[in-house]
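Below are two complexes that have chain A in common, paired first with chain B and then with chain C.
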Partner chain A sequence: MLADIITPDLFAAALRMATPLALAAIGGTICERSGVVNIALEGIMLCGAFAGVAVTLATGNPWLGIVAAVLAGVAISAIHAFTSINLRSDQVVSGTAINILALGVTGFLMEIMYGHPGTTDSINTIRSVFRFESNADGGFVSTVWHWINGIFLSHTPIVYMAIIIAFVAQWAMYNTRWGLRLRALGEHPRAVDTVGVSVLKGRWVAVLMSGALAGLAGANLTLEQVGSFTENMTNGRGFIALAANIFGRWTPLGSYSASLLFGFADALQIKLQIFRGQIDIPPQFFLMLPYVLTVVVLAGVVGRSIGPAAVGKPYEKK
Partner chain B sequence: MPLLELREITKAFPGVLANDRVSMRLERGEIVALLGENGAGKSTLMNVAYGLLTADSGEIRVDDQPVKIKSPRQAIDLGIGMVHQHFMLVEPLTVTENIVLGREPGRYGIIDFATARQRVREISERYGLKVDPDAKIMDLSVGMQQRVEILKALYQGARVLILDEPTAVLTPQEVTELFRVVRSLVDEGLSAVFITHKLEEVVAIADRILVMRDGAVVGETTPGDTDEIGLARMMVGRDVVLRIEKGASTCGEAVLTVADVHVLDDRSLEAVKGISFSVCGGEILAIAGVDGNGQRELVESIVGLRRPSSGTITLKDKDITRANARASIEAGVSHIPEDRHRRGLVLEFDLAENIILGDHRTPPAAKNGIMHPKAIAELARKRIADYDIRTPSEHVHADNLSGGNQQKVVVAREIGRDPDLLVAAQPTRGLDVGAIEFVHKQIIRERDAGKAVLLVSLELEEVLSLADRILVIYEGQIVKEFVDADADAETLGYYMTGGGGSKFASDGSNVQAIETPPTGGNE
Partner chain C sequence: MSAAEERPAAPRDWASIAQKVGTPIASVVLAILIGSLIMWISGYDPVAAFAALYQGAFGTPKAFGDTLLKSTPLILAGLGLAYGFRANLFNIGAEGQLFMGGLAAAWLGLMLAGQPWFVSLPLLILAAMLAGAAWAFIPAILKARIGAHEVITTMMFTYIARYLVSWLVVGPLKSPGQIPQTGLLPVESQLPRIQSLFSEATLQAMPFLKLGRAHTGIFVALIAAVIVWLVLKYTTLGYENRAVGYNPFAAETGGISVQWTTVKALCISGALAGLAGAVEVMGVHHRLFDQFSSGFGFTGIAVALLAKNHPIAVVPAALLFGALSAGGGTMQLMADVPQKIILIVQALVIFFVAAEGIITYFIKQRQKEVTSHAG
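And then the complex of A and B:
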């Protein structure tokens, strides 16, 4: 039975499941590094998911759907940026409000645009980038090829984009002007201000970037994985992404790796459900797996991680 | 031609005229000290020059050209650099990253760290400011961090260096080093503005002294033309007693007895390693030492905020070793804490509430668990009058008062309680001369009333001026005892920095073999 569970597609699914988490988590990393808590990732992701499907249904072009999802993410996160940076309101309250707003707005728009709640019509999901033939029969070489092909070469574009983004963001954070200023912003914004760099601008850019990434995460969910939009379909992924960001110690690659772990938990739980007749454990326990993992991680099994010193604190010029 | 000139700068905040037509000029190669009490407007003036604040009226001239400075960026571009009182350094970042922040070398947004490191090294060598470019700020000492701040200003091309209360956080040794550095920078052609309220520093470092009071310049002088007494008079506007006169102490019975006390710090490391002493009524015993040598833990164990791991503490035959803060107050211990904002006051409470904190369960403040606002207000008004607390009423929130008046509130509460033992931890930290004088007088008055006073201070001047007896603490142990007359700053400083050797030093490197303290001569 183990051989039936441990297959290339288990790991492929892990990579797939990790993608929306990772994109949102990297967004969270960038946002929090700038000193703004972004608890709104969940809602932003949901808006991205909806905008992606809506535009694809209207135009028939999923690529336009991706663009729309990103733009929707940016637009929603602008609300968060304005309230938490310009109005200096409580960032957790602002984020929570956006989450509730996103749930309401997407449900409302469904009623208006499609005349019913629940789930939208289906679209054709974006297909995987490569389509190589492989099978597990035969010799060693073809088996290895089968695994590599199955795990790494079976994915849709945003899955690869997420990997590239993780590496590029990691590099940029530690090698570019933007990255240095970003890291300084979340620790000691006044220090940044006194060397003549705008705190306002830096934080706005970071929040909008997190919106774009969370929007892209939503696009991955609907346009590449599910093929339709269902109300509240993000189902807590935005919060798990925040946990992944913390687990990854506020670094893009760390966020990606942590998301892989959560993605794997998710993939495993799905796989185990298939074998539920043969394993004498109620399926609800498998469903709990990613969430239990989140709690365990956040409870500090990995050791206490310390976030940016000024995160969550509005900046006021003297 | 002056390098920097401020003409008739006026800046008002709601309710306060922080700068009232203030003018100053700074020549090339000159150190100007801006001297004044807290709230005199020194920092406001310099924040205007650095673009952190915009003046309501007035003119700024650089190289005799009128300029507008609306942001730090513009100030930096004009060659004005500032070392802030609270460092503008990002703790988890490296020295190099902090220094180049905002002006990173490189192309297409990619930082050229090799060049950055090289430039930091160049500047640090040129001005003799040694520092490891790859060290993280959080691993550096405060003195080193300040050095990084200075390097940052130099990297940005500062010709004028504004130092805002630069010595507030430094040890005496670091102050000496800072003065050397500033002097050598000025020899290289830079100019410096030195903001301070410490008289001895002004005399030691400045070429010219500008004294400010209540938002206006009240005098200009040079160290040669005046002395500390004259400066203090200008600064406060009346005669100030710098070193308080006090009669001989009359030592009564022992009030506080500390016997072989060991105390752990927050990280569970032993901070106090077996200390014994006693304080008698009518005596001021001072514990002198460099910050972080176990003073905090010792004080906390005496006032009931931390339990010693072993040893006993007795107050007039009563064992208070395991007393909590409440039991400690009831036993007769008062405590002026070192951090008045965090422990001395509840800033969001009004004065009346702050004045009865700790006495809020007993008459007159309360009876049977019910508080009596009228009695509290009455008591508060009495204290406000007795201790000369400058406030419109007893209902003003503590955070609206100046530092000096806040400390008066703490002193009024703790002394007003009529304790047997007064524990005063850095009672004048951050205060200006007028307020220091007041606090010192109160402490002496307690002593003269036959109370026992335990003074913990980092300020040598304060220790020497107040103490009848001095214990020097080093790495959690008492390494030396002085009776008032035979102590001087030099010798005290020697023992405070471990010169006397530590009996139980955790590693051999701390034990120094020097037996005789140095005699005279500055390092």
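And then the complex of A and C:
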């Protein structure tokens, strides 16, 4: 049975499942590094997921769907930026409002556009980038090739984009002027202000970037994985992404790695459900696994990881 | 530690009261206006929609009964959220504790079949509160000991609770038949309908008492609101709760254990959410199934914020959202407007209430300028 569970496609699924979490988590990292808490990732992702499907259904072009998802993420995160940066609202409350708004707007649009609640029509999901042949029947080399091909070369575009984004964001955060300022914004905004750099502008850019990334995460969910939109389909992924960001100690690569862990848990629970008959554990317990793991991770490892000093505090120019 | 008010008793300042009540009302009005605008842009008639909504929420005694029915769990969930907010804790996962409360009430109600109502009703309510508190306990400990954010942990526990209930109603607690649900609670474990308390003759004489499905859980909720208000205002427990919310460092210096107060606050918040689940099971459905709550725990967030976390103000705030929820169905039926617009209005209310700080901020700035010019 173990050989049936531990296969290339288990790890491939882990990478796939990790992608929306990782994109949202990196978005959360950038946002929180600038000093703004973003619990709206869940709702932003949902908007991106819906916009992606809606535009793809209308145009038949999933690439336009991806663009629409990113733009939708940027648009709705602009509300969060305005309320939490300009109006200095409580950022967690503002994020909660965004999450509820996203549920309402996507559900409302769904009914007026398609005439029914629930799930949209299906689209053709975006196909994987590479399509190499491989099988595991031969010798050592062909088995290795089969695993590499199965795990790494079987993915859709956004999966690779996420990996690239993780590395680029990590590099930019520690090697560019933007990265230095971003980190300073979250630690000591007054200092940033003193040297003449706008705190408001810096934070706005960070929140919009997180919106773009969470929107892209939504596009991955609908356009590459599921192929249709269902109300509230993000199912807490935005909150798990926040946990991944904390577990990853507010770094892009850390966020990506933590997302891999959660993605693996998700892939494993799906895989295990296939063997439900033999294991005799109700499927609901498998479905709980990612959420339980999130709590365990937060409980066990996170205690000593400390976030940016000024996170959640509205900045008031003197 | 005395339980005295933090401010010396001032003569009643009607202007400040008007401001306190005025901003939430302005928030609601603005939210409804923008909601109307969205309806109008989408090609609906907002006037007809809100007329239908009003009809469905207040038009007949039965409709008002539905509003009361929806408001009951909202009052309790709102109280739970407000109690947490007062200690600076955001119990975003009240929905999960609500599920556990509903589960405890349904399970114990079935166990206690044959017991008289004065035994089973208090026990069910107690069990639901304990279950809600227990579900908040782990997030509470994690928050107090290592600072794990309660927004993430309580949210995760909400998903876990949902899957737990969805398993129980297809598995161990399932009643015979096709539908995944528990058996019907014995009558002694049900909260009776308000109209069942009156004789047929009384109802004939006073038809406004024909409140349809509204049940006596509303009285449980109202009593809870008064108790939470008294606890916050007059007890050491409430004082410590508020002190930690205002300034945890000062509270700690003043001899209050911030950790212990955090645990208590989140558990009490969970107990109230659990009670919300119990009244929904005992008063409305009389059984448990996995969709028994229509997001009351989440709407409770809007209720508490609109009430500015004041336990008594939670009641009218819950009535408002209860009315929106009760009238939403009629609105969809008669004006054909998707009920989801209610969620949008709810989100807008939260935005405006949260952004309310800016209005007072501007007023203060203006006043400062005026006084400095005058001086």
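Note that the second predicted complex is superposed on the first by the 314 of 318 C-alpha atoms of A that agree within 3 Å, B and C clash if a C-alpha of one lies under 4 Å from a C-alpha of the other, contacts with A are read in each partner's own complex, and residues count from 1 in each chain.
Keep in mind that, in the parts below, a residue touches a chain if its C-beta (ideal position, glycine included) is under 8 Å from a C-beta of that chain, and two chains touch if they have at least 3 such contacts.
Note that this is a predicted model, so its numbers are computed, not measured.
Visitor: Residues of chain A touched by chain B versus by chain C: which partner has the larger set?
Guide: Of chain B and chain C, C contacts more residues of chain A.
Visitor: Classify the contacts of A:A184 with the two partner chains as first (chain B alone), second (chain C alone), both, or neither.
Guide: It touches chain B, and chain C stays clear.
Visitor: Would you sort A:M161 into first (chain B), second (chain C), both or neither based on which partner it touches?
Guide: A:M161 sits against neither chain B nor chain C.
Visitor: Look at A:V92 in the shared chain and tell me whether it touches chain B only, chain C only, both, or neither; answer first, second, both or neither.
Guide: second
Visitor: Given the touch rule stated above, what does A:Y291 touch, chain B (first), chain C (second), both, or neither?
Guide: A:Y291 sits against chain C, while chain B stays out of touch.
Visitor: Should A:A309 be classified as contacting the first partner (chain B), the second (chain C), both, or neither?
Guide: Only chain B is touched by A:A309; chain C is not.
Visitor: Residues of chain A touching chain C in their complex?
Guide: 39, 79, 83, 87-90, 92-94, 96-98, 100-101, 103-105, 107-108, 110-112, 117, 235-236, 239-240, 242-243, 246, 282, 284-285, 287-288, 291-292, 294-295, 298-299, 302-303
Visitor: Considering the complex alone, what residue numbers of chain C touch chain A?
Guide: Chain C residues touching chain A: 38, 42-43, 90, 92, 138-139, 142, 145-149, 151-153, 155-160, 163-164, 166-167, 170-171, 298, 301-302, 305, 338, 340-348, 350-351, 354-355, 357-358, 361.
Visitor: Taking the complex as given, what residues does chain A use to touch chain B?
Guide: Answer in residue numbers: 175-178, 180-181, 183-184, 187-188, 190-197, 309, 318.
Visitor: Which of the residues in chain B end up touching chain A in this complex?
Guide: My answer: residues 47, 50, 52-53, 71-74, 76, 82, 84, 87-93, 97-98, 100-104, 106, 109-111, 113, 152, 156.
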